[in-house]
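Below are two complexes that have subunit A in common, paired first with subunit B and then with subunit C.
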Partner chain A sequence: MQQHLIEQYQQHKQNFVGYKDEWLVELREEALAYFLDKGLPTTKEEHYKYTNLNKLARSSYHLSHASSSVSKEQISNRVINTSNNILVFINGYYSASHSQIVESHNNLYIANFATALKEKNKLITNYLGKQVSLDNSITALNTVMHQDGAVILLDKNVKVEHPIELVFIHHDDDKSMQHVRNLVIASENSQATLIEHHYALDESEYLKTIITEIDSGANSQLNYYKLQCENKNAHQLSQLDVHQHQDSHFNYMSLDIGGKLIRHDINIKLLSSNATCQLNGLYIAKSKQHIDNHTCIEHQSPYSTSMENFKGILDDKARAVFNGRVIVQEGAIKTNAQQNNANLLLSNDAEIDTKPQLEIFNDDVQCAHGATVGQLDEQALFYLCARGIDQQQAKTLLTFGFAKALINAISDSRIRHKFTELALSKLDAEQLIQESF
Partner chain B sequence: MAQNAEIHQIIDKEYEHGFVTELESESIDCGLNEDVIRFISQKKNEPEFLLEWRLKAYRHWLTMKSPNWANLNIAPIDYQAISYYSAPKSKKDAPKSLDEVDPELLRTYEKLGIPLKEQEMLAGVAVDAVFDSVSVATTFKDKLKEQGIIFCSFSEAVHEHPELIKQYLGTVVPTTDNFFASLNSAVFSDGSFVYIPKGVRCPMELSTYFRINAANTGQFERTLIIADEDSQVSYLEGCTAPMRDENQLHAAVVELVALKGASIKYSTVQNWYPGDKDGKGGIYNFVTKRGECHDNAKISWTQVETGSAITWKYPSVILRGDNSIGEFYSVALTNNLQQADTGTKMIHLGKNTSSTIIAKGISAGRSQNAYRGLVKIGKNADNARNFTQCDSLLMGDTCSAHTFPYIESKNKSAKIEHEATTSRISDEQLFYLRQRGISIEDSVSMIVNGFCKQVIRNLPMEFAVEAQKLLGISLEGSVG
Partner chain C sequence: MLKIENLQVNVGDKNILQGIDLEVKAGEVHAIMGPNGSGKSTLSNVIAGKDGYDITQGKMTFLNQDLTTLEPEDRARKGLFLSFQYPVEIPGVSNIYLLKAALNAKRAEDGLDEIDAFDFLQLVKSKMAELKMDEDFLYRDINSGFSGGEKKRNEILQMSLLEPKLAILDETDSGLDIDALKIVAEGINRLRSADKGIILVTHYQRLLDYVQPDFVHVLAKGKIQKSGDKSLALTLEKSGYAGIND
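So, the complex of A and B:
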């Protein structure tokens, strides 16, 4: 892959966003050198013990092309509410014609990366790549090739009324790759809801890397939802890095139903006191899907709280990986960290590898984690069947019941509805959609 | 008189094996190569197959690297600076009487309530013969023999039961298993061998403590326990009292084989020298312990780890047979600059297998304590069941506690539960006890013992009482 990447980089570097900004070119080339040196991680590395990128490393992908054959309906069908702020990226490139920004004032800035680089150059120079350090190959790969992305800047005390939806659509020929870079800076007291969508309009094979950097200012409140519905030949390697300041709240909820090989790295740093984060995730995998969630929460200051709850449903030959790492640093007294990972295995060929990991350097903490792996309760199944519900439906009801507790925690009803709809369609239980509401 | 004759018989018997006396005059220089291994094997008068086995392990060891995945800071070890065959320590260097022994050590013995004679033995005082233990051991040995139980040193077993050694040695921990196991396989000094025949229930707890020749098993101990079909045995290793030991590196291997319907309970209390307050000295304890369970068999590990500067130890169970059971109960306590990375592996391969893991970590001072465990459910392990609980107790703001539980499940009917908590002794609990006139140290000791109770009650009774005292003593000075 390395050799191929050089060729791709040389070929496209004149067209990249910010090719005239020296610092950005330098950043790209530094990352290129890193990637050439390290290559993609192998299973010998602890972080990739269960996720094999070998096949990916041997393939070569070309940079994606812009596509103009996406209709407006194809977007509006998929977003949560057409009256929201919507930024659409097709094959990694921003499409102004599909996007709409309904809320715009002096204290709120929503734009794509290329535009923001022109308009807010200084700010981006200060923030980009500061939270995501160049210490892994995925970051390096993304930094070298990133095409576009969203930039969202919230000034002090701004409350964004309408959720901001970021829609990433794939529609390209086989073996394309796209690299997206998002930056969110939420200043003091600001509030916003972000939704990240991933869809594909065809069945072609592709690679997508996506890195999102979030700086969550003092007393800010961010809700971040991620709906990953890539096609069955997709590879997505994503990274989310959040820096939380004093009294900030960060809520995250993801749903993974698509993709062939999915890997998410979620890194939260609770930098100042009283910061709180809640990470929830639901993954439903079938056939030969591989879904890997790696979370790392670092408590650096006193009185910080983290709550984590991931649930998985695995069928056929699917495989899921969960690694939940919680680090409590020396000074982070009165930390409260709770973590849970529950998995439902529906087939004998499915596999789950879970590792809830605690690293604690201080005695004044309350930390707990739990992990379970199990199957559907035979008695509950019997109970339903005895009441005339056919077995398949009974199984689906119980499976969805397992996932529902997580989905129900979503406060916004439209977003909750979307999660329910997608989860049920993955479970082949569309008929339950009406009954759920 | 009859007893005396018996004693003399035993003493004479010890000298029958000429090599024991020969050892005293010979030892070889530091360093490790094939000649050293040949030398060890020749000195021990080992059969050809064992020498080949050692060499094979050594050749493999050469290709390996010292593992660095554990959460430990280990100063690089120079394997060429160790003498791999040293004669039992000359009695000249040993303290002549208890007056010459470190008073700190004696204070600990006193607190544990160890009789004077035993204190001398533990401190390595040159005593001619500890008559009490010898007679006890002899009577025990006769009783065991009656039932066909073999309980002897490894070297003895190599000579007297080579067929059993050949059949089982290295079947659970192969020579290629890991860096330290390979090293042990190449140069192992001695250890225990136990064979329980079919259907026999061992009438007493077997303990290294009572085994003659146990005094100098050396730094590379090898233990092999075979429980034949439907037999039962409980084995105790170690001792609550701190042992005098001059070898810094210990790399032991313990293999357990539980055949159909057999049950093995293996208890360890490890209290080797942990180094002084600044972490100087102290034993490096790198142990590979593993058991294999056949159909309906059960293996239970119980350990109380309070000593050693570095502990690297993962007693594991391979649940190969259907309906087999694996258990792991552990208390690991670290203080000052001690480091422990310990846990277990439960590999479920057979159907209806179950395993329980209860691990309690206590860290104080500037120590590091990590639980690292693996629960693996194979594809054919229908209805496998695992319950894991690992709790950490932290004392002081400079210590650390880590948990690294790996769970890998490939079977849908498996039920796995894992839970872990980390906390410190609450002020309310302390206040409650202090209010009742209990000193702070006793209060802490009481709370810690409560925290560990689940594990300690799995120890044989006399061990349990000592282990409780030990926990209190090991934590001395850590609260204030």
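So, the complex of A and C:
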């Protein structure tokens, strides 16, 4: 992949966003040097022990092409609400004609990266790459090749009324790659809800990397939802890095139903006291899908809280990985960290590797973790069948029932509905949608 | 309607039922009594079609159909109902969903359309009122966090909604205080009619004070040791199961 990446970089660098900004070109080339040196991680590295990128490393991907064949309906069918703020990226490129910013004022800035680089150059220079350090190959790859992404800047006290939906659509030929870079800066007391969508309009094979950097200011409240519905030949490598300041709240909920090989790295730094994060995730995998969630929460200050709850449903030969690392630093007294990972295996060939990893450097903390792996409850299955419900439907009910509490924790009804709809479609149980509300 | 002849059932290597003969006709209420470990729950579960039981000999028919070839859901749709000794908690599936799905499955079997949502709600609410159940129960997950008494009442609610042709009530009286026992017994009595059969499986005779059986059978060591009318239950209450084998 390395050699091919040099060619791709040389071929496209004149067209990249910020190709005239010296600092950004330097950043890209520094990242290129890093990537050429390290390549993609191998299973010899502990944090990639269960996720094998060898095949990916041996393949060559070309930078994605712009596509003009995506209709407005193909977007409006997928978003949560057509009256929200919507930024659409097709094959990694911003599409102004599919996007709409319904809320715009002096204290709120929502734009694509290329525009923001012109209009908010100084700010971006200060922030980009600050949350994410160039210490891994995925970041490096994304930094070299990133095409566009969203930039969201919330000034002090801004409350964004309408959720901001970031829609990433793939529609390209085989072996394309796209690289997305998002930046969110939420100043003191600000509030917003963001939704990141991933869909494909064809079955072609592709590689997508997404890096999202978030700076969550004092007393800010951010809800971040991620819906990953890539096609069955997709590889998605994503990284979310959040820096949380005093009294800030960050709520995250993801749904993974798509993709062939999916890896998410979610890194939260609770920098100041009383910062709270809630990380929830649901992954449903079938056939030979591979879904890996790696979370790392670092408690750096006193009185900070992290709550983590990931659930998985695995069928056929699907495989999932959950690695939940929690670091409690020396001064971070009164830390409260709770982690849970529950898995339902519907086939004998499905596999889950779940690993809690707690590193605690002071005594005055409350930390708990739990991991469970189970199958459908035979007693419950018989109970439902004994009431006349056919066995297949009973299995579906129990399977969805396993995940339902996690989805029902979503406070926004439209977003909850979308998660429900997508989860049910993955479980071939669309008929349950009416019964879920 | 239910006819069992020489039924022998193994669980693993163990011979639990060693030749049961039982016939329940429409309009009859049968009580099956017996000490712990006599095979009462095995009999109930085998009739309802639970997995894990190996029928080695005998016949079992319901409305002249061979029961052993039917799946549990088909038995239920044909009008067989088992009230569980230990109703299962099912997180993530609401009570109202189960009630409606169960009723519609039975209606489909009877060639009827799905019940109208409004009619259903009216019907289920009237049944709940009879059982003095709070409407909140509809929207809670099946049996999740219910007390023992609430679970049993929920079983009776399902039964009264489905109006089965044959109901088997497995230890429905256990864990009920006297008020709940009366409410549950009234529920059972409401089902009682010329075209329905009821089997009460119980350890004690106190439920039989409220639901008077036509026949009482004593099950012990995998066999029906003695059959009689309701006076047999009173004899048992006085002298226990010890003397029955003789």
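What we mean here is this: the second predicted complex is superposed on the first by the 437 of 437 C-alpha atoms of A that agree within 3 Å, B and C clash if a C-alpha of one lies under 4 Å from a C-alpha of the other, contacts with A are read in each partner's own complex, and residues count from 1 in each chain.
Keep in mind that, in the parts below, a residue touches a chain if its C-beta (ideal position, glycine included) is under 8 Å from a C-beta of that chain, and two chains touch if they have at least 3 such contacts.
Small disclaimer: the values here were computed from a predicted structure and weren't measured.
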Which of subunit B and subunit C A:R58 touches, first, second, both or neither: neither
Per-residue contact with subunit A, leading partner among subunit C and subunit B: B
Subunit B versus subunit C as contact partner of A:F382, first or second or both or neither: second
First, second, both or neither for A:V373, with subunit B first and subunit C second: first
Subunit B versus subunit C as contact partner of A:L346, first or second or both or neither: first
Partner chain in contact with A:L358 - subunit B first, subunit C second, else both or neither: first
Residue ranges of subunit A in contact with subunit C within the complex: 377-380, 382-391, 393-394, 397-398, 400-405, 435
Residues on subunit B engaged by subunit A in the complex (per definition of touch): 69, 377, 379, 392, 394-424
Of all residues in subunit A, those that touch subunit B in their complex: 46, 50, 330, 333, 343, 345-375
Subunit A-touching residues of subunit C, taken from the complex the two chains share: 48-51, 71-73, 75-77, 81-82, 84, 87-94, 97-98, 100-102, 105-106, 109, 141-142, 158, 162
